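Take a look at the structures listed below.
Here come two complexes built around chain A, the first alongside chain B, the second alongside chain C.
Here is the complex of A and B:
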């Protein structure tokens, strides 16, 4: 049985239609866009981070979950269900397996954090990710986006996540 | 059974303990540091034995057992949600992986004679039944369906049939070419995807005893036994590893991708539509074929998008591999089409190329859906302007 592209090929073969190919037009997924990922980290820090001294800090594990869900806001319901079932270990395991696998294996996030640490935008401090208050790179990115009304879905998702109880048990595996 | 070599001392060194535990564990008794050490060390062995992946660094034995149970439960749940041939295929794959010499019996072209597989040189038989649970509104009708199906299978094994409600002997010719010569079944496992009522047990066992008395017992021993096995029983019978789960969940994953694809709407596939409209203008004699092609492409494009979404949600590593594969697909197709004097012939190979690229990354896990995803990727290339055609002597479709 011919495939769809074979049928298309046969339909076009008998004509003088001119083919063209633009490989550069394939848009990569935003999940792999450095600026976008930097914005999400900035938004997580600004919305959920706590100011301690000269730094704005957030738990590295919490940041991992927040940024993952912020980019996939349809998973908010899964987090809610997981949070509601956290006292029932068995139910908690079953309801959240896919989500855990998702955010725990998000290697791209590790790369982004490593990059931001290497460039001096962030610091790693005993399980915390810290941004100097004086730094303007990430906070500037967030302020600009807020001013122009960009990425509101992501920011709203992080705000909603703040309303959900997320314990250390949930963040550190089981 | 393979032995697990233990090269480390029976108890972990204190320095390996997390500082938090080391500071606080000064008590004796079940919460003491030594007690935790013993448990943690046993936990390591448990992880090895059970293949349980523990993400946390400071798990308790209870937590590990929860994880172990989770594997079994997850497998049982997965089995319970499989139906029909998918359920039978998974049960056979499972039995093949854990029972040495398990033999599946192809149902085509001559039928399986009521037996889906056997092992122990023909001494143990297996029958599967995976009813579509959604179609049964009441448990009673589901129980009846299960009882009827297995009774029918047992009658075939025992070479019996009803003639006007009277049980009479008949011949099951295919059994002679299934079981080894001279071998009789000593035990039959009846594997079903729903076993939450004891009301299927009595009728099946009673019928089996009755059938044995009426049968000539050519292929079943007079002392043969029967047992009904549900998803939980099958999951509990042997340890469940990650590979088993992945294999079973892959079938569920396929279903979830299909379900997601049904809910997806490709927002304004303007470029795709324009190209297809142009194709209709160029080939007005093939309108029906083009319409059918459009439907197929759009369906598979949605499948491809659903696959993308599912991987992105739960397996970012694989999603990254998908993204890289897409880039390779477009590069290869572009290279072939641009270099060829007959570019349309090369376009015909697009799906083949996409399939080969995707197979390298996903073939072993998601092989069954790769044809659809490959076609979806080609549709995406057309829809996102990468590959197209222009009117003879005119401008591009986009």
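Here is the complex of A and C:
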């Protein structure tokens, strides 16, 4: 099956244009890779999730924020500022404006969660996302990656986020 | 060339005097004795008497390379006796007939080596040398200085990592003809002493023993040249940074790169004239500016002192006020520019940080994809057990090629952004420096305005303004002078650097005659590897054995390692050591013509390894070596018989221990100068 760039090249070749493709310029960001997103979800669950019975659970809204910031650690300062201003409605609204717009409209996260739920790796339970302790797919991905020193920036960012107070008000809006 | 004639260890214990001696002959000989006989003790004696204990990683004059039997307690007939004193000696025969007996205490004053030179006519001359202290530098008391002279070895300088010079010492050459049991078989030149900080000492030692003194000289020149080039490049970088930052401080940004070779840089910098650059790029001529300021100062001084003043002229307060307003506007504009630039720098820094994070994520993901950890190729629906295609959820897994491309793009963006950041920071520095100048002028103008407005009458107003202008012009002159002085200093530093760079003589290439010596070494190595039965070498690929720039054995341009068998390593080291001696004989090198191999079998019970080694010893290549090879090992009776039948000299010392109590319990430890020497042929 021809790729988009090949189709485009063929179309252009029919004209007098000389197609010249920089493959690196059309390569998508790693943020759109399934495995990367699965690792980030696994890391959020492992670092911030709480074990309850046979499941490791995390609030769905918190997971949405954590995974978004874990992939963009430079936003940690924004979250800190937002947390510090949480008692001041006006300041809180101003400081979180751009961040909230970003993570609330993160459609790919919904797709990832749906996919992991469909595969039985995760369950949705009353506003919580739960991973069966017995499941090895996500925990195996996290353990082996951590052992090999992969994605330390993301894991460190989640650990730093754990130190920041994030309230339900902040996550669920006003 | 020398021959080791004997090794002797002797001393005094509470049980009485003890001693042990092993005689040797020229050519190949195997000394076979049981474990714990004292073979290693006698082998250690050679390094000790040559003052080369540093090959064992010991400090100077530290005899702990010896067994406790000669340092502390010695066992006779199952009982332990304290050692009162002990010494050891080696006897060497030079090919021209001269002899040398070296004696060094083990327990006692072990910082001294006694050397007895015995001329062909039997005349003996005894000298005592310092074993380690200034051993090569002290022409009268240093042992190695004497020993090199006795051997006819020239002194050769090497280059240290600190940029200084150091000699090649005996301990640098010993690892190429002395392989000890503990460490010697772990790698080629594993006993090499690197703590002196000599650069490429392994290569120097090989070239020296092959007689390639011009090659070692060329290597010294190359290393010096490399060090000098590195130092010059670093100096150029620091100088360029200082000049660029200094000029930015005055508001002028110039390009002055320190990239390129020293020659290119010297050519480029030779054309640099900071005055010309300022004139062409910024229309700045400091000389003219200075002259015009001086003229202005003269005029202002004249108008202040004796020029007539127009009493009707009321323009002084207006003009002073106008200047303040103009400067205030300029300062405000520059502040705004600085604020914008600062904000750009901050945003770019955040962006660069985000790029670094994204790059790190992409590189980790690439590793994840390539090593395959946790890769989920097949996930099925838990209910219907059908494959779940991620595309159904608008998801996809990227290929490693795609991620590689993304990494490439991120790296390009990062480089671009880094360059932009440097440029932005330079712009910000220029704005700040301009802001500083304008702020200073603004403060002066404010003070001038205050003076003018406080003055009573037009005459005083005019005088106050003229005085303020005069002070300002004089300060401008000071500033121009300071800039001119700095530019002159920088220019002279650039010129000095160019002169230094042009004066450097760059390294010559290795002389061509060494190539033949190296080829002889490689050829001998191939033959010995084949004879030893190295798994990777056969008669079909002998021509593919070579030595790289570091004299590492190569096969088909790949490093020759132990392929089929772990014991290939000891075969490789033995072949390398013997091949070097063989090649040195062929090319008339400086090898001492003595090779000592302590336990080449490595007490390895592997029958194939023993068989290959014994097979090697029975070959003509081993039996007819044109130098002395002494192998210390422990052979079985059948192996000894087999070797002797094959014409190999196998010596099996009598008794179970090398050191035994002397027959009469009286001192045999006579002073070295009185010890009788029995020449052995």
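Rule of thumb we're sticking to: the second predicted complex is superposed on the first by the 148 of 174 C-alpha atoms of A that agree within 3 Å, B and C clash if a C-alpha of one lies under 4 Å from a C-alpha of the other, contacts with A are read in each partner's own complex, and residues count from 1 in each chain.
Simple rule for what comes next: a contact is a pair of C-beta atoms (placed from the backbone, for glycine too) under 8 Å apart; a residue touches a chain by one contact, two chains touch by 3 or more.
Only a predicted model underlies this, so the values are computations on that prediction, with no experimental measurement involved.
K.L.:
Between chain B and chain C, whom does A:112 touch in the aligned arrangement: first, second, both, or neither?
P.N.:
A:112 contacts chain C only, not chain B.
K.L.:
Applying the document's definition of touch, where does A:123 land relative to chain B and chain C: first, second, both, or neither?
P.N.:
Touch status of A:123: no partner.
K.L.:
Look at the residues of chain A and decide whether chain B or chain C touches more of them.
P.N.:
If we count touched residues of chain A for both partners, the winner is B.
K.L.:
Which partner does A:72 contact after superposing on A: first (chain B), second (chain C), both, neither?
P.N.:
both
K.L.:
Regarding the shared-chain residue A:154, is it in contact with chain B (first), chain C (second), both, or neither?
P.N.:
second
K.L.:
Just chain B (first), just chain C (second), both, or neither: which does A:29 touch?
P.N.:
both
K.L.:
Which partner does A:101 contact after superposing on A: first (chain B), second (chain C), both, neither?
P.N.:
Only chain B is touched by A:101; chain C is not.
K.L.:
One more residue to check, A:141. First (chain B), second (chain C), both or neither?
P.N.:
Second partner only.
K.L.:
Find the residues of chain A that appear in the contact set with chain B and again in the contact set with chain C.
P.N.:
In chain A, residues 23, 25-29, 32, 72, 108 are touched by chain B and also by chain C.
K.L.:
Give the list of chain B residues in touch with chain A in this complex.
P.N.:
On the chain B side, the touching residues are 54-59, 62-63, 66-67, 69-70, 73-74, 77, 278-279, 282-283, 286, 289-290, 293, 296-297, 300, 308, 312-317, 319-320, 323, 326-327, 330-331, 333-334, 337-338, 342-345, 347-352, 371, 375, 378-379, 381, 384-393, 396.
K.L.:
Going by the contact rule set out above, which residues of chain C touch chain A in the complex?
P.N.:
Touch list, chain C to chain A: 350, 353-354, 357-358, 360-362, 364-365, 367-369, 371, 373-376, 379-382, 388, 390, 393-398, 402-403, 405-406, 408-409, 412.
K.L.:
So in the complex, which bits of chain A are touching chain C?
P.N.:
Within the complex, chain A touches chain C at residues 23-30, 32-39, 71-74, 108, 111-112, 114-115, 118-120, 137, 140-141, 144-145, 148, 150-151, 153-154.
K.L.:
What does chain A use to touch chain B in their complex?
P.N.:
Interface residues on the chain A side: 3-23, 25-29, 31-32, 72, 75, 89-90, 93-94, 97-102, 104-108, 172-174.
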